[in-house]
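Below you'll find the structure I mean.
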Amino acid sequence: MSTPVMDEPILELDDLVTSYRLTRGIGRSGGEVRAVAGVSLTVRAGETVGLVGESGCGKSTVARTIVGLVRPSSGRVLFEGRDLSTLPAQEMRLLRQDIQLIFQDPYASLNPRMTVAALLKEPWRIHRGLVPRERWDEEVRSLLDRVGLRAEHADRYPHQFSGGQRQRIAIARALAVRPRLIVCDESVSALDVSVRAQILNLLKDLQRDLGVAYLFISHDLGVVRHICDRVAVMYLGKIVEVGSKDSVYRHPSHPYTQALLSAAPSLDDWRDDERREIVLGGDVPSPLSPPSGCRFRTRCWQAQDRCREEEPALIERDTDHPVACHFPAPS
Amino acid sequence: MTGVLLQVDDLAVEFDTPKGPLRAVRGVSFQVGEGETLAIVGESGSGKSVTAHTLMGLVPLRARIVSGRVTIEGRDVTGLSDKEWRELRGERIAMIFQDPLSALNPSLTVGYQIAEMFRRHRRLGRKESRRLAVGLMEQVGIPDAERRLDDHPHRFSGGMRQRVMIAIALALDPRLLIADEPTTALDVTVQAQILRLLRQRQRADRLGMIIISHDLGVVARAADRVAVMYAGRIVETGTVAEVYERPAHPYTLGLMRAVPTPRDGGAPLEAIDGQPPDLLAPPDGCAFHPRCPFARDKCREVDPEQHELGPRRASACHFAEEVMTGVHTGHG
Amino acid sequence: MTAFVGRRLAQALLQIWGAITIVFIALRVLPGDPAELILGSQATPEQLAELRAELGLDDPLPAQYISHLQDVVRLDFGDSWRQGVAALDACLERLGPTLVLSAWAMIITVVLGFVAGSYAARHANTAIDHLISVTSLVGQALPPFWIGIMLSLIFARMLQILPSTADGSMASLLLPALTLALPFVGWLGRLVRTGILEEMNQDYVRTAHAKGLSHRVVFYIHVLRNTLVPIVTMLGLLMGYFIANGVIVEVIFAWPGIGSLLVDSITFRDYAVVEAILTVITLCYIVLNLIVDVLYAYLDPRIQLENA
Amino acid sequence: APGGSGTGPAAGGSRPLSAAFYQAINDLDPHGASAVDEASLLANRQIYDTLVGRDGDKPAPRLATSWQQPDDKTWEFTLRDGVTFHDGTKLTSADVKASLDRLAKSDGPQKPLWSMIDTIEAPDPLTVRITTTAPLGTLLANLTLAFILPAARMGEAGFFRKPIGSGPFAVKSFTPSAQLLLEPAKSHWAGASKLPGLRLPYIPEASTRMTSLQNGEVDVTWIIPPDELKRLQGVDGLRIESEPGLNYFLTWFNCGREPFSDPRVRRALHHALDLKSIVSNLYGDAATVMDAPIPPAVFGHAPQQPYAYDPDLAKKELAEAGHADGIKTSLMWFKDTGPLATELAQSIISAWAKVGVIVEPQQIEKAAWIKRLTALDWDIELQVNTVTTGDADYTLGRLYTSEANRMGYKNKELDGILTEARTTSDQERRKSLYGRACEIIWRDAVGVFPAALAATYGLRSTVQQFVPVANSQPEFRAVTTS
Amino acid sequence: MTAVRTTPGRSGGPAPVLRRLAALPLRAHLAIGTVLVFAVAGLLGPLIKPYDSARTSPPDRLLPPGARLSDGAVAWLGTDQVGQDILAEVLAGMRTSLTVALVTVLVGGSVGLFLGLVAGYFGGWADGIISRVGDIQLAFPSLLLAILLAGVLGPSMVNVIIALAVTRWVIFARVVRGSAIAVRDREFVDSARVMGASHGRILLHYILPSCLPPLLVAATVQVGLTMVAEASLSFLGLGVPSSQASWGSTIAEGRDYLASAWWIAAVPGAALALVVVSIGILGDLLRDTSDPMTEL
């Protein structure tokens, strides 16, 4: 596998909107949730982009839209410049291999009735010709080795593994189709710290060796900071701030980002007991009826009348660090 | 430190399983003083919850206290009858659980569930209990308490539900509050709200508090003292500053290094290799030795006792001093 | 709430339409012709033809279907040829006794089922628990008519302490209601048992104990209420079963209910009555389910009628 | 609560007499669709009255005190004076005329009985004159089924839910096929009933019916299932009364079909049956082997020489008819046609199997049975038939003519005999004609006539003055309880 | 005889099955034993005690168990109202009853499985139609529907099966639909979709295996209930015709003799109860062990 050029965009989301229809009874529509309300984001080959935000803000929906589990209601998903929604089914199926998804729950994401070997061979059964049949066993061994499992694990069932091992299997399975982009939806959130560290290290190694790009979804700011090159902060279906890791963490410009960073617990918190922490009041509003204007204004301590009326756009000011706020903190 | 609220000595709890006895808690000792917050950290399955439940007299099904003594406000509670426990729970010691949705009864109103404390323990009337419940809800920061009293839990957000749980726990002014992963199910911003609320209440009432978490960050923010659990034992205790600055057990050290920090600059994390031990058949010697970089022959043979490293500072490692200095030399 | 009820009613209408259609199809394609049954074996072909025309049996099926639907909308099922009265009247006259019987069977089932179920739950995995569970299986394994006849033999013929037929007294309700209830007592008991055991494992029960509540309060105020939620839905179903299973019990105990009338009417091709009865039973069923849904929402506030 | 005002077994003196027949009363319209159901007739006999009744096999006066025939086609009836309906109005010839007119026009099963009626006149309040299109020998027998309604009220809507008649009992309440509750009429020409009331519940399940007789919920019940007869005879507080009945089993061959078009085959099958043993084992005292195509209690019955049980002869005859290898055929019946019908069918089938006739049992549903029966779509069939009027014409004259063509049997001679018997009013002549008909039918083995059923009544000992009757329609006017 | 060897590190294999079998509670052994005994008896019954509905013997009617028949044989379980040996009749009846029950469940189960899978997996209008039809049918109490159909079609084994199967498919379809929906949104199914697996493959390899255990449990329960329902239809005269012995019809016909010749209804009744209870116990066990996660 060739090492790709870093700057080349591999995935582009262009004003992506994804809604869920709530059904009520017999085929009646019960309204729509705009879970993703216009998201634009770029992932370049070989890089890791973090997507952080609170529960329900639409992170998983972004992931599911990218891999084609749900259809966007508007906007485009471009993979290597090609619009996924306009592709013919056949090509679509082929492209599928290039984007893989790893889920949060290592217990639920593996078919309990398949052995590890069967799980890993499944993609080759689906995409015939990807790996010739006679090389399957060999390939399985090398995949297991790749993710730090032993060859004899191939004949076991998922329930015979620990959570960390299962997540390794899930990763091996994603790698089986040699993807260019892996979307990790909270892939380490369910793991204990020590195991989490193993998986994070593994992901980094794989990126170094294979050049895959990651869209890394997490609510854990510490983890995102550790693994990502760039970070996007999401609030209620919208991205409020994107930028390189350093600029976002050092100079958060959006009040929500500031609050998030200040609320995130860290090992060093014991040092200054009476830190000036920003504790936001209230909860994330329901995406069924988002607030007018700026979506964050209901919890923002510096909201003004303008925020109520006008929705701030995600504007790039001087640096490569766009913020969607009328009154961003100077960076 | 003023009076000791809770004293736990050599507590051991076993589960009867089809595969034999599972030693979930293996000789745990600690104390909590008035106005003090003790954090218990440790990975999943290390026995934190079982310990906490045992303190409440809620020994889980098919579990059995093998040994140990629990003293609450100077009173040995190990052999209390059901009725005596009932008088203690809620009145003297109270508990908050991880998932505030499942921990509340879905079919009773929030108001009822709070007021129940006054009605059952204090035998107060319906009106009076409601009035008190409204007061409590306001105290824990639930806006519009009067109106929300008659709502069912599912109408509340996660943070609000946890506030309700706190209100219930604090209803009868207990002296000791146990919080088992009180914020794990919550978002960071809400977690910050709840941690602040707990801290405020604890300071105001000079509560003794045990906060259980697997998140070292949460512990750092919320606690005065830490007890680190591994495989059913407390492997290290001390103040937050002591433990975080100079871990005295290789497991604590491993935990610290496995957590990404702003300072690591994206360098590979130092993961602890291997798996937690099988509690049905814990390894001989120190339970941590198969994963321990410091392990020697002694560790494989002798299960280390807790030994004092200072006032209320202890470690259950044969080579605690070495570990403590190792940290210093390793991470300057 | 109104939207919910409206939607449920729409669904109910659909069900009724379906039921009417099923019955129509079933009755019109079946062999056997009411004209022959009415006139008996001595009728001439001309007489038969005349009567068939009169009964509208000669029209093409779609036409019969349409006019049938129109009649049903007007609640006019035609006359019962055997009773010479409006089919709906004949049917409604018998509905009362069936409902009374079903209601009593329900009361017996619920009382015994809850007692047995909560006892078994409190003594889970003991010999008594297994006994209750096997007994409940046996209750369902015996044909209901067998149970009925045995009860009648023992209590009415041998002991002579209870009447074996409907004579209007409360005592005469006992055997049929018991027969109807017995197979379901164990069934409900098992349901209650698992419900309670499941509920007992819920986190909120732990909370309730941590609050220092007594076992009684935890059980009766916290657990039982939540156990009721899934069971209440079952009870609606159960009442439906009782109305339907009534057929057998009504025959055995000469109970003048709707079920025995139905069986007779099918045998004698009394279409009008069959249609009236099945429509009425379907209606009962649907109304019951509607009540259950509302009750469900009342008991379990998580289910909101608006977006159920 | 359902069931009306009945009481439990322990109730005392004033409770109505409870009499449970084994069939359901569906309708109280005596001219309606269920007019010849035995259960309806039973109810009608209590509520209404007829011009003529039966005494043994002779007509007896009821509402008509006398009658004469001015000519072959004309009958004149003189009505009893002073008869009133339950509402107190007088019963006159106008009521009789209206009732008979209604009957003649009805669509019910009695229609064929009245097709030969020409005019009905009421020249004065106590005289009714009936003219027929041809001489009608069965008129008196038919009139035993013609119940008289009050002309002024019979057209009212809902009249038959609580009808009024001139019979010994008035309707108190009625739930079709569940219960009929009667109270004694204040007056009756033969004397008012002394019973506090009469309850006719329908108890479909035989074992329940027996239970309710035994524990006293029911005072009288009939028919008693054959297997219960012996058992009940030994029970304290009960007594059994029985009477030769009008119900009998018949097994027709489809004489229009191979191989049954050959009388030798039919006779052979007769010889193959040991009816004596089958009937006595199955029915005991509850039935007797028949010696004619109609039961002995019927007017017109003439005993015939029984077919001997001789399987060898049967085989020989079958061989002669070209069926040495046996026959494959079928027997159809419906389950509730009569007591132990299935058992009887099985026994007959087993017996025939022994002579190489393999019969496929076809137990089908009643509606399907009727359809196939009338369409002659069957080989052999088994049924219980009732001579409702007690007159041979009702069965022989109705079913065995070439025109009726009920079993594919056609015999000009028989047709002539039956027509003459119907149109003759000389009863002696009729009797001998039916005797001849019996002989022909028996000789040609149109069917096998296995058993005549007895009308068996179970009574509590407290019931007095009960007269068991052949037609299962006992009268309760004279019954008393002690 | 070959020795049973276990491969270390593998689950399954014969030895663990035997061990698991041995670890079952007593009532499970009794239940399995009963079912086996009846299965063998059903298979060999016609060889031991042939039954022929056309071989009645009126002189031998209603004889108590152990009585000697006119042909010299002993009727160990007595004779019925036409003089048939109850033992032979019960053996023959078992074949009918079990056939009716198994075929009914098989037919109803297959239809239910197919429709349930389609409804549960695809959702949308297919689900709408299937669920609505199911609702319509459930608005009919199942016994009434069976009565109506059996009444309409007339008594025959095939018709009984049709009438009963029509009332069962909804139950199976609901069970399958429920588990299909539960599995449909599980992450491992999503991951197969992301992999590009076709609907057919997902249905067959992912959804179906998860639907089978609950279907199997439902099927076991329904086998028992179907046998009871068949008996109830017989009681109303709508069951298998009496020329074809079935437990249901024997019990139903023996009902008039419960006071005098109890053995007619009691023997097949006891057999029916035993089999149904045994199957019920097995169903319970299946329910407890059907989740592969509990095999740990």
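Order as written gives the chain letters A, B, C, D and E; numbering starts at 1 within each chain.
Definition applied: contacts are C-beta pairs under 8 Å (C-beta built on N, C-alpha and C of every residue); 3 or more make two chains touch, one makes a residue touch a chain.
All of these numbers come straight from a predicted model, not from anything done at the bench.
Each step here moves to a touching chain, and the least such steps from chain B to chain E number 2. Of all chains present, the one whose mean CA position sits nearest the global mean of protein CA atoms is C. Computed centre separation for the pair chain B/chain D is 90 angstrom, with centres defined by C-alpha atoms.
For the pair chain D and chain E, the distance between mean C-alpha positions equals 45 Å. Averaging Cα coordinates per chain places chain C and chain D 38 Å apart. Residue positions of chain C touching 2 or more other chains, listed in rising order: 11, 30-31, 149, 153, 157, 251, 267.
Across the assembly, chain A contributes residues 26 that each touch 2 or more other chains. Contact residues of chain A toward chain B in the complex are 54-55, 162, 192-198, 200-201, 204, 219, 221-223, 225-227, 249, 259-260, 262-270, 277, 279-281, 283-284. By the touch criterion stated above, chain D contacts chain C in their complex at residues 1-9, 24, 26-27, 29, 32-34, 36, 107-109, 111-112, 158, 160-161, 175-179, 201-205, 207-208, 210-212, 214-218, 365-368, 370-371, 373-374, 398-399, 404, 406.
For chain B in complex with chain C, the residues that touch the partner chain are 53, 56, 58, 82, 85-91, 94-95, 97, 99, 102-108, 116-117, 120-121, 152, 154-155, 165, 168.
Those residues of chain C whose C-beta lies close enough to touch chain B in the complex are 202-204, 206-215, 217, 221-222, 225-226, 229, 299-302.
Put simply, chain D touches chain E in their complex at residues 205-207, 210, 225, 227-228, 231, 277-278, 281-282, 335-336, 340, 342-343, 346-347, 349-350, 353, 358-359, 361-365, 368.
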